[in-house]
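Alright, structures below, take your time with them.
Each of the two complexes below includes subunit A, the first together with subunit B, the second together with subunit C.
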Partner chain A sequence: MSSQLDFEFLIDTFFVALSGVPIALLITVVAMTIALPLGFLLALTRINRLPILSQFSSVYVSFVRGTPVIVQIFIIYNSVPILLEEIFQKYDVGMKVYDVNPIWYAFIVFSLNTTAILIEVFRSAISTVSKGQLEAAMAVGLTTLQAFRRIIIPQTLVVALPNICTATVNLIKATSLGYAMSLHEITLRAQVAANPGYNYVEAYIDIFLVYLIICSLVEFLFKLYEKRLSKYKLVIA
Partner chain B sequence: MEKYFDASYLWGAFPMLIPYLKVTFWVVILTVLFGTLLGFMLAAMKVGNSKIARKIANGYTTVLRCTPSIVLLFLVYYGVPALISNIGIDINDWDKIFFVVLTFTLQFGAIMSEVIRSAYESIDKGQFEAAVSVGLSNKQAYWRIVVPQAFVVALPNFGNALLELMKEGSLAYTIGLIDVMGKANLIIAGNYNSHALEIYIAISIIYWILSIAIEQFFSLLEKLFSKGKQVIKSV
Partner chain C sequence: MMLQIKNIHKSFGKNQILKGVDVQIQKGDVTVILGPSGSGKTTFLRCINFLERADEGEIKVDNIETSFNKARKKDILAIRKKTAFVFQNYSLFNNKTALGNVTEGLVVGRKIPKAKAIEIGKQALDKVGLSDKYDAYPSQLSGGQQQRVGIARAIAVNPDIILFDEPTSALDPELVGEVLEVMRTLANEGKTMLVVTHEMSFARDVANKVIFMDDGVIVEEGTPDEIFAAPKEVRTQQFLKRILRD
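Let's look at the complex of A and B:
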C-alpha cells in the first residue's frame, strides 16, 4: 500500500462513485413511496388496536428494529430467489432466477425495513394529535377520509418530519449494504474500480465524500420543507 | 421447498454461534467506554464558550452522521495504517478488533455527544443557579444536581444508541473479525454455501433476543429512575 495518495485516481473514481448515485436514490425513492402509506396504515392499526393486524405489526417492528440490516438483506436474498424459482417452475415462466436484477431484492428489503421504522415514527406522531381534532372534524360534517386528509395528516406530518428525515438519511446510508446483493451502487462501483491497483484508501475517501454530499443535501431539503410546514403549524396554533 | 430448508441446520447453528457472542460483547463494551468519553468531550465543546470548538464539534457530528458505517469501517481499516506508516509505525497486522473498536468509537462518540448535549440542555439553568445559591461549589452543583437529572433524560437515547451500535457492529465481519456474524459466514462457507438461509435466521434470532433484552433492561432502568424524578418535581 502506498502511503502517498494517488490524486488522479482519487478524482477519476469520484465520478465512478457518483455514477452509482441514481441507483441509490432510486432505491430510496421506491422504498419511501411504498413505506410511507404502508407505515401510516399499520401505525393506525396499532393505535386503534385492530385485533390481528396490530399484533402482527408490533412483532414485525420489533423484529426489524432488533436485527441488523445486513442480516435482513441476507435473509431476503437467500429466501426470495428460492421461492421465485418454485413459482417460475410451477407456472412455466421462461425466466431464470439468476437473471432477476438484484435491485428488486433491494426494493423488497429496504421497503420492509423502512416500513417498520415509519410505523414507529407515525405512531408517536399520530398520538400527539388530540382525539378532539378528529371529533371536531366529524362534527362539522367531514367524512373520515376527508378528516384524515385535511386535518389529521397535515398535523401529523409536522411532528413526524424530523424523524422521517432521519429515516431517509439512514435509508440512503443503508443502501451502501447493497453490495452484499451485488447491486452496482456507489460503494460497489468504487470498490471495483479500486481492485486492480489496491487504491482502497482513495476509493473509500470518494465514497465517503459522495455520501456526505447526498446526505447533507437531503437534510437541507428536509429543513426547507420543515420551515414551510411549520409556518402552517403556526396557523393551526 | 423441503430440500432447501432444513431446520436441523437452524438448531445446530446456535451452539456454534453463541461462544462468539463474547467477541461481539467485547466490541460493544470497549466502544461504549471510549465512545462515551469522546461523546463527553464533544458535548463539552458544543456547550462551551469557544466558537471554534463548537463549530468543530458540530461539523464532526454532521459528517459522521452522514457516513455509512461500512464506509467508515473500510476507511479506518485501510486509511489509518497508511496514515501511520508515514511516521514509520507498521500497524497493518494489529488485531482487527482494534480497527473495529476505533471505527465504532468515532461513530458512537458523535451520537453520544448529541445525546449528552440534549440531556444537559434539558435541565433548567435555574437548577444549577439554585444549587450554587444554597452554597454548593460549582463542581458539587454539577455532580449532585445537574448530572443525576440529565442522566435520567439521557437514558432512553443511550439505550437506542447502544442497540444501534450492537446492530451496526455486525458489519465487522467485512474486515474479517470473527464475531457472531463472522462465525455465521464461516459456517456457511463450511457448508459450501448451502443452507445459508437457516444460519441467517438463527443469527437474526440471536440478535432479536439480545435487542429485546436490552430494550427491557433500559425501560426497567427508566422506570426505576423516573420514580425519583417525580419526587423532585412534587417537592
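Let's look at the complex of A and C:
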C-alpha cells in the first residue's frame, strides 16, 4: 500500500464513480414520483382521521422510521425474491429470480421508505394551511378537487419544499446502500475499481466528492424552485 | 323569494346550536342578524353555504330547493354558485394576487373565459376602491384592503345573495369604516345581503330587516326602527342596552 495518494487513479476513479450517477438519480426520481403523491394522500388520511387508512399510515411510518434503511434493504432484497420465485413458478413465467435486476428492489425499498418520510412532511405542511383557505375555495364554487389543485397544494408545497429537499438529498445519499444489493451505483463502482490496487482512500474521496456535487446541485435547484413558488410570501407590505 | 330557510337545526355533539330557525329573504333585502356570541348567528350563515352541514331543515335559493341533510354534492355546488361568502378573517387565497382571488371562482368554478373573468375581476376591484392593487398579494394588503378584496371576490360572481360573517370584527377600528362604506354602496345598489355583524350603526342605517337571535332561535325580527326603538322582547332589550352603552 502506498502512503501517497495516487492522483491518476483518483481522477480516473472519479469518472468511474460519476458513471454511477444516472442509477442513483433514476432511483431517486422513481422513488420520489411514487412517494410524493402517495405520501400526500396518506398524509390526508391522517389529517382527516380516516378510519383504517389513518391507522395504517401511522403504523407504517413508525415501522419505517424505527428501522435502519440497510435493514429494510436486507429484508426486501431477501424476501421479495422468494415471493417472486413462487409467482414465477405458479404462472410459469420463464424467468429466473436471479435475472431480476437489483434496481427493482431498490425502487421498492426507496419508494416505501421515502413515502413514510413524506407522509410526515406533508402532514405538518398541510396543517399549516388554514381551514379557511379550503372553505373560501368551496364558497367561490370550486369542487374539493379544484380547491386542492389550485389553492391547498400550492400552499402546502411551499411549506413542504425545504423538507422535500432534505428528503431528496437523503434519498440520493441512501442509494449508496444499494451496494448491499450489488447494485452498480456510485459507491460500488468506485469500490470495485479500488479493489485490485487497494486504493480505497482515493476511491472514497471520489465517492465523497460525487455525492457532495450532486447533492449541492439538487439543493441549489430546490432553492430556485422554492424562491419561485413562494413569491407571494417574500413580498413585504 | 331569493332565499328561504325552514326549520334549520344544527348540533355540535351535545351542543344544540340552532333550534329551528326560519328566515325568508326577498330580492334586494339587506338583513342584519344580531345576537350575543354563541347565539348561533355564524353557524346559521355557514349552514346556508354548507360550510357546516345542518342536521335538519329545508333551504331554497332561487330555484334550487333541497333539504340540509339530504342535499347532494351537485345541489351544494349549485347553491354555492348562487351565493357568496365574506369571511370574518377574510380568508383570501394566500397564493393568489388580489385579481387572482377575484377571478378564481369565475375561471375555475364557472368556466368563464380568462379574458372576460379578468375584465369582471378588475371591475369588482375598482368598485371596492382597489384599482391600484390588482397584482398585490394578500400579504401586501392591510386588513381593510384584504376584506375589500374579499367583498370584490363575492360580488364578482354576481351572486343572488351575499353572506357576510362579521366582516369587520377582525379589523383594526380605523379600518372598519372603509369596509362598511363598500357594504353600504352595495346595499344602495340593491344587492341582496345577509349580514351577521356587531356594527349597530350599519344595522340601523342600512338594513331593512333586523333579526335578533339568541340561544339558537330567532327571538325577534322587524325593521330597524321596530327593533332599535321599540324592542318587544326582554332579551332583545337587554342585549341592545348592553351593546349600545359601549
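Heads up, the rule we're going with is that the second predicted complex is superposed on the first by the 231 of 237 C-alpha atoms of A that agree within 3 Å, B and C clash if a C-alpha of one lies under 4 Å from a C-alpha of the other, contacts with A are read in each partner's own complex, and residues count from 1 in each chain.
Note that contacts are C-beta pairs under 8 Å (C-beta built on N, C-alpha and C of every residue); 3 or more make two chains touch, one makes a residue touch a chain.
None of the values given here were measured: they were computed from a predicted structure.
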Discussion item. For A:Val69 in the superposed arrangement: first (subunit B), second (subunit C), both or neither?
Written reply: first
Practice prompt. Classify the contacts of A:Pro196 with the two partner chains as first (subunit B alone), second (subunit C alone), both, or neither.
Written response: neither
Practice prompt. Using the superposition on chain A described above, determine whether A:Gly94 touches subunit B (first), subunit C (second), both, or neither.
Written response: neither
Worksheet entry | subunit B versus subunit C, judged by how many residues of subunit A each one touches | B
Worksheet item: Counting only touches as set out at the top, which of subunit B and subunit C does A:Ile82 meet: first, second, both, neither?
Response: first
Practice prompt. Kindly classify A:Val140 by the partners it touches after superposition: subunit B alone (first), subunit C alone (second), both, or neither?
Written response: second
Worksheet item: Taking the contacts subunit A makes with subunit B in one complex and with subunit C in the other, which residues are shared?
Response: none
Item to complete: Can you check the complex and tell me which residues of subunit B touch subunit A?
Response: 1, 4, 62-63, 65-72, 74-75, 78-79, 81-83, 85-86, 92, 163, 167-168, 170-171, 181, 196-197, 200-201, 203-204, 207-208, 210-212, 215
Discussion item. Per the contact definition, I'd like the list of subunit A residues that touch subunit C in the complex.
Written reply: 130, 132-133, 135-143, 146, 150-151, 154-155, 158, 232-233, 235-237
Fill in: Complex contacts: residues of subunit A adjacent to subunit B
1-3, 62-63, 65-72, 74-75, 78-79, 82-83, 86, 169, 173-174, 176-177, 187, 200-201, 204-205, 207-208, 211-212, 215-216, 219
Worksheet item: Across the complex, what residues on subunit C touch subunit A?
Response: 49-51, 77, 80-81, 83-85, 87, 89, 91-97, 104-105, 108-110, 137-142, 153, 157
